[in-house]
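Right after this note come the structures.
The following pair of complexes shares a single chain, subunit A, combined with subunit B in the former and subunit C in the latter.
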Partner chain A sequence: MQKQVRDYTKLKLIVLSIFVLGLLVVAGLASYLVPYDPYVQDLSNALQPPDRIHILGTDRYGRDMLSRVIMGAQTTIYSALLLVVVITVIGSMVGMVCGYYGGILDSVIMRISDIFLAFPGMVFAIAVAGVTGGGIMNAIIALACISWPKFARLSRSQVIMTKNMDYIAAAKLAGSNTGIIIVRHILPNIAGPILITAVLDIGTMIMEIAGLSFLGLGAAPPVAEWGSMMSNGRSMIQTAPWVILAPGAAIFITVVLFNLLGDTVRDVLDPKQKKVNE
Partner chain B sequence: MEAILEVKNLTKVFYKNKVPFTAVDQISFCIKKGECVAIVGESGSGKTTTAKILTQLIRPDAGNVFLDGTEYIHAKGKLRKEFYTKIQMVFQMPQDSFDPRHSLGDGIMESIRNYGMTKKEAQKRMIELLQMVELAPEYAKRYPHQVSGGQCQRAAIARALAISPKLIVCDEATSALDVTVQAQIVTLLKKLKQEMGLSLLFISHDLGVVQNLCDRVLVMYQGKIVEEGTPNCIIQNPKENYTKKLIESVFL
Partner chain C sequence: MKHYILKRLFQLIPILIGITLLSFLLMHVASADAIDVMEQNTGGILSEEAKEKARRELGLDKPLLEQYGIWLKNILSGDMGESYVSGKPVFSTFISKLPATIYLTVASILLTVLISVPLGILAAVKQNRILDYIIRFFSFIGNSLPNFFVSLLLIYFFALKLEWFPVMGNTQGWKSIILPTFTLAIAMASKYTRQIRATVLEEWNKDYVLGARSRGVSEKRILYFSVLKASMLTIITLLALSIGSLLGGTAIVESIFMWDGVGKMAVDAITMRDYPVIQAYVIWMAIIYVIVNLIADIIYHYFDPRIRQEEC
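Entry: the complex of A and B
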């Protein structure tokens, strides 16, 4: 029985990984896969409903929606991945140093992260993006500023739990220096929860990047980005709903896929946590 | 005989909510080469704190520790590394003392590799060590959760022996094991002590085990050493009230 559950979880992980990998490949090869140039305007063909030539219709400049959704996948997914990688690496490194050494450095950095955590994240990101100006890179920086404390807190608490274990004492007695202890003993033992949080965060970050772009603070036109595409189409929701439905559905499907993957990664890496949640 | 470990006026105070609590109170003792000394006492009597100070896992507030004639407390870098070639420790919970993500073999080899042996030499030495503690070579590939407590403790002893230390501190090394396994580990320690001329500091609350293994016993109570003598002498003729109580609780 137990084994069947395990096997089922593994199967789920494999299937979801294939879907997500497919998504990443499509996003990566977007410029080769698009049926039409997503940036060429054809005003005589504007706002065509979905048909055989334009499967998802065209927007108000006559650009093919399918091509723009595929192209937008590249912008949105890869910026979200970059963002998650940046905050995971920076956040966990800061957290690990704080947790391991403690002391004044720890107190100072943790108070700073408290400030970031206490501030409404999106508002802060809007402010930062507003100051630095538009552009997807600035949106990533703005979101990175507000999102790293979560990982710092998580890895700090994990390190504090781990550093008092007997096997860390044993490593000290084996003559290992602090660097070896952190990299060889602490990091592998706390990587699980951090990885789970990172994967679960991809979906959130996709939404936040799309959100900033929707507000005009992320990707600047004409760059194809799901959030800004929805923003451009929102005035036509009644006359040409496909313009907003296509990128909306893309965001929905992608976020659901990444969240399911995150949940499954958690179930595989940390079965205990699953029991608590259910 | 020459002393391998000399402890003078060792003191450690912990603060809990700013209230001082003296865990180890000015204790002094010494261990001679090849001798096995036991520290016994109830939980909270300062035994483990003493062990941790001796292995430099925590710092004392006062006092000196001479290991093989050299003062190592506050040693850093190279000196600290040299310190750990002379003293090693076996922990109470064998499974917790091995990194769950490393095989037992890797755990044993860590110190050997840190002291500059190549991977091949280290592997050879590791197999030798496993033989010494009567474990089959295939245990090198197992992970801590895949072996029994007794087997894991044998591996922990192998790890402690890896760089041929002069003194091994056993912090409740047999307490988490069941009685028959306890006896096996004690026999193994006895054998190793005789064969290698090892000195042992055996921390325990189990007077039965201590009587079987040790040459001398220190009784600790509330951070102080209250009585000292040979195991037989202390068990048959305890002077302090606390020792009497401790003995009564063991030999009901």
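Entry: the complex of A and C
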């Protein structure tokens, strides 16, 4: 019975990984896959409802929505991935160093992370993006500023739990230097929880990047990005709802996929947690 | 208890200094070209002398730390400068828009409680049965929808197609708050239904429940008198903590529904590059957030008999 459950979870992980990889490949090769140029305007063809030529219709400049949604996948998904990689790497490194050495360095950095955590997430992101004047990179920086402390705290607490174990003491006695102890002995043991948090964060970050772009603080038009595409379509919601539905559904499906993947990764790596949740 | 509150208040000081310093530096970077923004907004071309004069008036020619000191003193006396756009004092504008945001936040929290508490408990009680799966399915969906998409969907169906509620504004009494409230509550309720379910289940699997069961106490009695009572504390704390993040999370929803609160004010200010307004928004939202979280923490300590005992 137990084995069956585990096999089923593994199968789920494989299937979901294939879907997510497929999505990443489509997003990565977007410029080769689009049926039409997502940036060429054709005003005579504006706001056409979905039909056989334009499966998802056209926007107010006559641009093919399907092509723009595919192109937008590249902007939105890869921005979110970049963001998650940056905060995971920086956050965990800071957390590991703090947890391992402790002392003044640890207190100072933890107080700094307290300050970032004291801002309600979106408020600070809005402020940073507003001051730096929008643009997708600035949106990523803004979200990175408020998101790294989570990973720093997570890895710090994990390191503190691990560093007094006997095998670490043994490694020290055997003459390993600190770098080797952190990378070879501590990191593999704390990577699980960090990876789970990182994968579960991708969906949230996609929504936040799209949210900032929706407010005009992320990707700027004409760049195809799901959030800004929806923002541009707002005024046409009554006459041409497909302009909003297409990118909206794209965000939703992508976030669902990444959230399912995150849940499954957690079930595989941390069966204890699964028992609590089910 | 008193000792604990004092300790927490003391810990608040460095955080408040951090918040203000960070906001100050952020705006300092931005306002290097504040004079240019003013020049653009007035439409005229200013002479170099006029620009210098404006810089002196804004105190931009003084050393950085001194500028921070002056600025902090002004803030503490409620003077946060004037809006570059409207010329009105920023602090009083912020205060005048705050009630609308609080109104929206409180309504969303209430709706979230109404949805997520019964559903979370129900899902836990019916664990791994069809109802549990249905509830978990919907909470998963709700968790994967960005709030700007939810608000546009609600506008499309309930305001444009069915015409039950106004599309935007906060002028039509209770009708105008329904859609923004639902937008915010759908995402939050999805999250909390899952957490409440997990909390109730965790409590349900504790030894004292087994003990009560073996003494022949009925399942219903265990649920209502023991499990729920013990879970409530966690649930209340979760909700109190979410007030803070919700206050900040209303910006997108406010600007979609043209809800005249501080979130919309901030988004508008960014478009106009009206830095004093953005600054006031960031600082005050952070301060409110920190204070609300502190109160939630204190409530948790006050009501949890386990922690209370440790304190004494």
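The criterion applied here is as follows: the second predicted complex is superposed on the first by the 278 of 278 C-alpha atoms of A that agree within 3 Å, B and C clash if a C-alpha of one lies under 4 Å from a C-alpha of the other, contacts with A are read in each partner's own complex, and residues count from 1 in each chain.
Following the convention adopted for this analysis, a residue touches a chain if its C-beta (ideal position, glycine included) is under 8 Å from a C-beta of that chain, and two chains touch if they have at least 3 such contacts.
Bear in mind that the values here come from a model prediction, so they are computed numbers and not experimental data.
S.K.: Does subunit B (first) or subunit C (second) touch A:Leu173, or do both, or does neither?
M.R.: A:Leu173 sits against subunit B, while subunit C stays out of touch.
S.K.: For the overlaid complexes, name the partner, subunit B or subunit C, with more touching residues on subunit A.
M.R.: Counting residues of subunit A touched by each partner, the higher count goes to C.
S.K.: Quick check for you: in the superposed arrangement, does A:Tyr101 touch first (subunit B), second (subunit C), both or neither?
M.R.: A:Tyr101: touches no partner chain.
S.K.: Just checking: does A:Val131 make contact with subunit B only, subunit C only, both, or neither of them? Give me first, second, both or neither.
M.R.: In the superposition, A:Val131 touches subunit C alone.
S.K.: Pick one for A:His185: touches subunit B only (first), subunit C only (second), both, or neither.
M.R.: Once the two structures are laid over each other on A, A:His185 reaches subunit B alone.
S.K.: Between subunit B and subunit C, whom does A:Met207 touch in the aligned arrangement: first, second, both, or neither?
M.R.: In the superposed model, A:Met207 contacts subunit C only, not subunit B.
S.K.: Please indicate which partner A:Ile251 is in contact with in the superposed arrangement: first for subunit B, second for subunit C, both, or neither.
M.R.: second
S.K.: Which parts of subunit A are touched by subunit B and by subunit C alike?
M.R.: In subunit A, nothing is touched by subunit B and also by subunit C.
S.K.: Can you check the complex and tell me which residues of subunit B touch subunit A?
M.R.: 55, 57, 81, 84-85, 88-89, 91-93, 96-102, 107, 110-111, 114-115, 156, 159, 162-163
S.K.: Can you list the residues on subunit A that touch subunit C in the complex?
M.R.: Where subunit A meets subunit C, its residues are 111-112, 114-115, 118-124, 126-131, 133, 203, 207, 210-211, 214-217, 227, 230-231, 234, 237-238, 241, 244, 248, 251-252, 255-256, 259, 276-278.
S.K.: Note which residues of subunit A are touching subunit B in the complex, please.
M.R.: Counting only subunit A, the residues touching subunit B are 165-167, 169-176, 180, 184-185, 188-189.
S.K.: In the complex formed with subunit A, which residues of subunit C make contact?
M.R.: On the subunit C side, the touching residues are 14-15, 18-19, 22-23, 26-27, 29-30, 127-128, 140-141, 143-149, 152-153, 155-156, 160, 198, 201-202, 244-245, 247-249, 251-252, 255-256, 266-267, 269-271, 273, 275, 278-279, 281-282, 285-286, 289-290.
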